[in-house]
Amino acid sequence: MIRLECDYACGAHPAVLERLIATNGEHTPGYGMDEHCQNAARMLKDLCQRPDADVHFLVGGTQTNMTLITAALRPYQGVVSADSGHIATHETGAIEATGHKVLTIPSPDGKISAQQIDALCQAHLQDPTAEHTVQPGMVYISNPTELGTIYTLAELEAIRAVTAKYDLPLFLDGARLGCALAAEDNDVTLADLARLCDAFYVGGTKMGALFGEALVLTHPALKRDFRYLIKQRGGMLAKGRLLGVQFEALLENGLYFDIGRHSVGLAMQLKRAFAAKGYPTLVDSPTNQQFPIVPNALLERLAGVCTWSLQAKPDSEHTAIRFCTSWATTQAEIDQIIALL
Amino acid sequence: MIRLECDYACGAHPAVLERLIATNGEHTPGYGMDEHCQNAARMLKDLCQRPDADVHFLVGGTQTNMTLITAALRPYQGVVSADSGHIATHETGAIEATGHKVLTIPSPDGKISAQQIDALCQAHLQDPTAEHTVQPGMVYISNPTELGTIYTLAELEAIRAVTAKYDLPLFLDGARLGCALAAEDNDVTLADLARLCDAFYVGGTKMGALFGEALVLTHPALKRDFRYLIKQRGGMLAKGRLLGVQFEALLENGLYFDIGRHSVGLAMQLKRAFAAKGYPTLVDSPTNQQFPIVPNALLERLAGVCTWSLQAKPDSEHTAIRFCTSWATTQAEIDQIIALL
Amino acid sequence: MIRLECDYACGAHPAVLERLIATNGEHTPGYGMDEHCQNAARMLKDLCQRPDADVHFLVGGTQTNMTLITAALRPYQGVVSADSGHIATHETGAIEATGHKVLTIPSPDGKISAQQIDALCQAHLQDPTAEHTVQPGMVYISNPTELGTIYTLAELEAIRAVTAKYDLPLFLDGARLGCALAAEDNDVTLADLARLCDAFYVGGTKMGALFGEALVLTHPALKRDFRYLIKQRGGMLAKGRLLGVQFEALLENGLYFDIGRHSVGLAMQLKRAFAAKGYPTLVDSPTNQQFPIVPNALLERLAGVCTWSLQAKPDSEHTAIRFCTSWATTQAEIDQIIALL
Amino acid sequence: MIRLECDYACGAHPAVLERLIATNGEHTPGYGMDEHCQNAARMLKDLCQRPDADVHFLVGGTQTNMTLITAALRPYQGVVSADSGHIATHETGAIEATGHKVLTIPSPDGKISAQQIDALCQAHLQDPTAEHTVQPGMVYISNPTELGTIYTLAELEAIRAVTAKYDLPLFLDGARLGCALAAEDNDVTLADLARLCDAFYVGGTKMGALFGEALVLTHPALKRDFRYLIKQRGGMLAKGRLLGVQFEALLENGLYFDIGRHSVGLAMQLKRAFAAKGYPTLVDSPTNQQFPIVPNALLERLAGVCTWSLQAKPDSEHTAIRFCTSWATTQAEIDQIIALL
């Protein structure tokens, strides 16, 4: 069975696993105060061209999102997000559990625009009863989005301009960042993100690690006492070096970017094959998540061959499904699915 | 350098690591819905003789404590704990961050008694302004405690009787539970814990795993929708099978208990050696944490040989230190320290 | 100037004020444990035909909403509300500040239907990733709504049936309840509300009191330890009898209902006058809030005579405004506005 | 029956009530945006010699404490308080419900010293695991304390120096501030408080108002968006002018200070009478709360004459009780009690 229902069904990329094995016998200080974490942080700061950044390694995405958002907001502020944003939909109210409202903006493709953010802020400022409503306090975007789409550099710069105008920290969720960076039309680099965002994370869990997200903080106010917050929110791993070791493996020799290219390359083959057959797509994604809308009959044929996740039911005869490729997907597997089409 | 400053400085026990390597290529459902987690849970329920229990695997201790305590309390209730309890001292206010006060009981050795809990509850019930104060809503104990001491079966049964009297869930933090079970005078079994506690966890991080705690829920009210809470509090690991795989390795063939015996056995050698030299101990611990009070001059000699953590400064000439043994400590290392004494 | 911008611009109804004056010299126990509160609670329970209900008096609406909602939800649950619900829009995120998401349902007229609630609950139950999303935990409605509309008995009974089906507490915000009860087509009584709702409040602040809301709890689980929550959330008035005294005055001789009839009667005159002139209305409200859409030129003529609040700007030539009548509005004032039309 | 069990059993001082009656017919903007609030704020800023201060009026003390503390702390910080502080003992965990730990300092008389605060901060700074513990984030004191004692100017200046040293906001709870200012040996003025504290409140509820506390903010960071927080925490009174009107009455012609002198003067008569009879006192209070330790037999004689509250049971033969005088206590009442002694 070819597993394409998500990109976290497998273990670690072999190179990551090897590094964990090689370092297993070491004794190091706990809680991320070890040399592997320091080394991985240094590598990431180099890639970001931000020696002044702080880098923290956390275990998972929800944890990273809620800890960063807690650090950025005052109690009466909310976080602006696309209505399809992960924090708005799939974190069981983790943000609300820290006391903050998610202020959603409608988005058919998972992206929000500088204009939408500006309009939301203007509406708040011009509301004579503003203090009876939640104040926009930061902006959350994901890249790629939950629907696989990516931001252009121009879009990010426009968003940055508007968040700067209203003094709102900009946070980018990069759970699958390697796939955004590997997309054909991508014109954004890690250094761009580090220049434009006040915080963002380089996701490991969905990019070849067993687990782990590398959070990059560039805004001084967000850096302050951040380890207190990680500990308080349950995100401080005792054997913290496990995170550093994995990111060392991912960042050396460009493995992280290779994994992105591998995943996206196979996904593009799937995309073209479905398009060639005339199947429409729910959203035009240039990354490792693909959303073809297929006749139910086709699903029956696929059922014995591969897995997918259900995305939507546009009508009773058709289904929008999601395929996710990953480092563990092989060319042979994709060939087999395409042949079946 | 012999590393004894904590029991989470090393990687995984080789048998745990091997299992992670062996299963790395598998594709499984995410979020702990896989067969490894189910299998490990079944093994633990067998050991506990509680087929009706629910078992959840979480990454770390603070996360486990705060998630369980959140599940157990209504908003105006607090959790009763020794003043040295981990939740009261070393979790950066994680419990308060979920809205609850920690109601502390003085304890020189880390343990609290049924009588102390009873007195605290009685004082609340008899307070004419009780509703202006935090209501005791559950009891938290750790075994071994943060000072290495352990509860006897009689003590646990007395605590159970008093928590039942006041209808308070009883939760036991077993971060180093294997060491309690391996202590010479221990008369408590996993089945006893599962019979007497409404929830407890079997710690993995400090007992040979890379990370992971196995939370056993026996009280029906605590089981309800518990996975929602794990997800909300950031504790749901995407590649959740990593937890199941590690506990499979730990629970098969009694490895978990062997690790406890190994760690405690070496610690007892240290204890006797320090006692033989006439050094007093801060607390009489039968487990893998030892707290000798030594002249500062001795510390200078130890400094090049082994590490420890600072526990207290009883006077300007002496220091109370903590040694922690673990699965990774060797007989040769302990021999070397004893020889130095 | 005729003040119609809100219904809390004036002081207390004279009968309420007189009672406060008459009782000012008394010495009574604090925190609502006095005979006035007991007496007012008894009167309300009689009107509700629910001798088993608990009645608590709180100072304001946001406080009442957040305290009750905190009592009703487990941490991972949210409260279902119209998207125009007061808790969703005008309480500065008070609900989120207690850790809970507001799950909104689109509503052009401020009401939600049993079908909408059912659909939302079904969608949650059928979501294979439900535990990654916020669980609907209760339903909040307001009557009259924020747009002045009211629920029929049949609508409330349908909502009750669906909330019972999913075991969700039903909470009704009655900030202006007296106006709903006084509406021409209203077929709902206090006894109906007490039979159909698990909790609801009879608003005083907007119905002739200086301040105060009377919260009626009929569900046993909500009654438990409720005073602890009132105290914790800052809602326990030291001189609590002030609330009881005011509700005694409002509930004796039907003053509360008279105030409703007075306010609604004058509002209906306004409504008919605007309709007679051909002005459309933003929403067809049968209560004391009226929302005519008027040419901007008319607003200029009204500006020297009366006040209103801005509701919406349908186009550049027209404005939707809100008029609020209250116990303090007089027939002469309404006549003057109508004459001006 | 002479009521001395608390200082909030009666209604408003006649001058306050008269002002409420006189202004009842006015129509004013809601939520504290009226001229009465502005006028009372101006009067208070004049008394404080701080034209730059912000003044907010809230209904009660718990609400004021939790709102201010929420404004001052980051999520991982706690508030330092005497272990007898109101926030630590009698607010049902309101501070913890906003996510923050109360860091208590032992205090037999309700006061804490600059040295104690300094020691607590030093211990945190020197703790190598500081980030695993709650960071001291502000200091809370009450004046008079919950035990009636007061701070000298020198003590406050020393506390200010230490809070400045660690950059901790200093907040003073003045629920009974008028009684502190009226104490015989008091050397502190409102201007001193406004100079030394970052925030403090002038209590009305226990000083002649129906309800109401005037919160003075001098630190710019605390002023920011404070009304959002008041609204979110349920503390924004719809008919907000009621607070302004009452403080106008209290601050004009020095009524607030007269009430303090009246209450304290009568309390001093009680104090001397009990001392003259040889009864010890639990704490030497110079304000309106007195804590004589009396034989149980005396309590039986007092029982038909006056009320008190129970403070402690030093032994089976004696009881420590609390008498509270207020604006409503009369010379004749005190004479009657003294005669009985």
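Order of writing sets the chain letters: A, B, C and D. Residues in each chain are counted from 1.
As a working rule, a contact is a pair of C-beta atoms (placed from the backbone, for glycine too) under 8 Å apart; a residue touches a chain by one contact, two chains touch by 3 or more.
Nothing here was measured: the structure is a model prediction, and the numbers come from that model.
Trainee: Computing the C-alpha centre of each chain, which chain sits at the greatest distance from chain B?
Mentor: C
Trainee: Looking at B-C and B-D, which one has the bigger number of contacting C-beta pairs?
Mentor: If we tally the contacting C-beta pairs, B-D comes out ahead.
Trainee: Please tell me the distance, in whole Å, between the geometric centres of chain A and chain B computed from their C-alpha atoms.
Mentor: 34
Trainee: From the C-alpha centre of chain B to that of chain C, how far is it in Å?
Mentor: The computed centroid separation for chain B versus chain C comes out at 50 Å.
Trainee: Averaged over CA atoms, how far is the centre of chain B from the centre of chain D? Could you give it in whole Å?
Mentor: 42
Trainee: For chain A, jot down the residues that touch at least 2 other chains.
Mentor: 75-76, 91-93, 97-99, 131-132, 228-229, 231-232
Trainee: Mind listing the chain B positions that touch chain C in their complex?
Mentor: 70-71, 74-76, 98-99, 131-132, 135, 224-225, 227-229, 231-232
Trainee: Show me the residue ranges of chain B that touch chain D in the complex, using the header's touch definition.
Mentor: On the chain B side, the touching residues are 75-76, 78, 89-93, 96-102, 128-129, 131-134, 310.
Trainee: Which of the residues in chain C come into contact with chain D in the complex?
Mentor: Listed in rising order, the residues are 1, 3, 6, 8-12, 14, 17, 20-21, 23-30, 59-63, 66-67, 91-94, 97, 205-206, 210-211, 228-229, 231-239, 242, 328.
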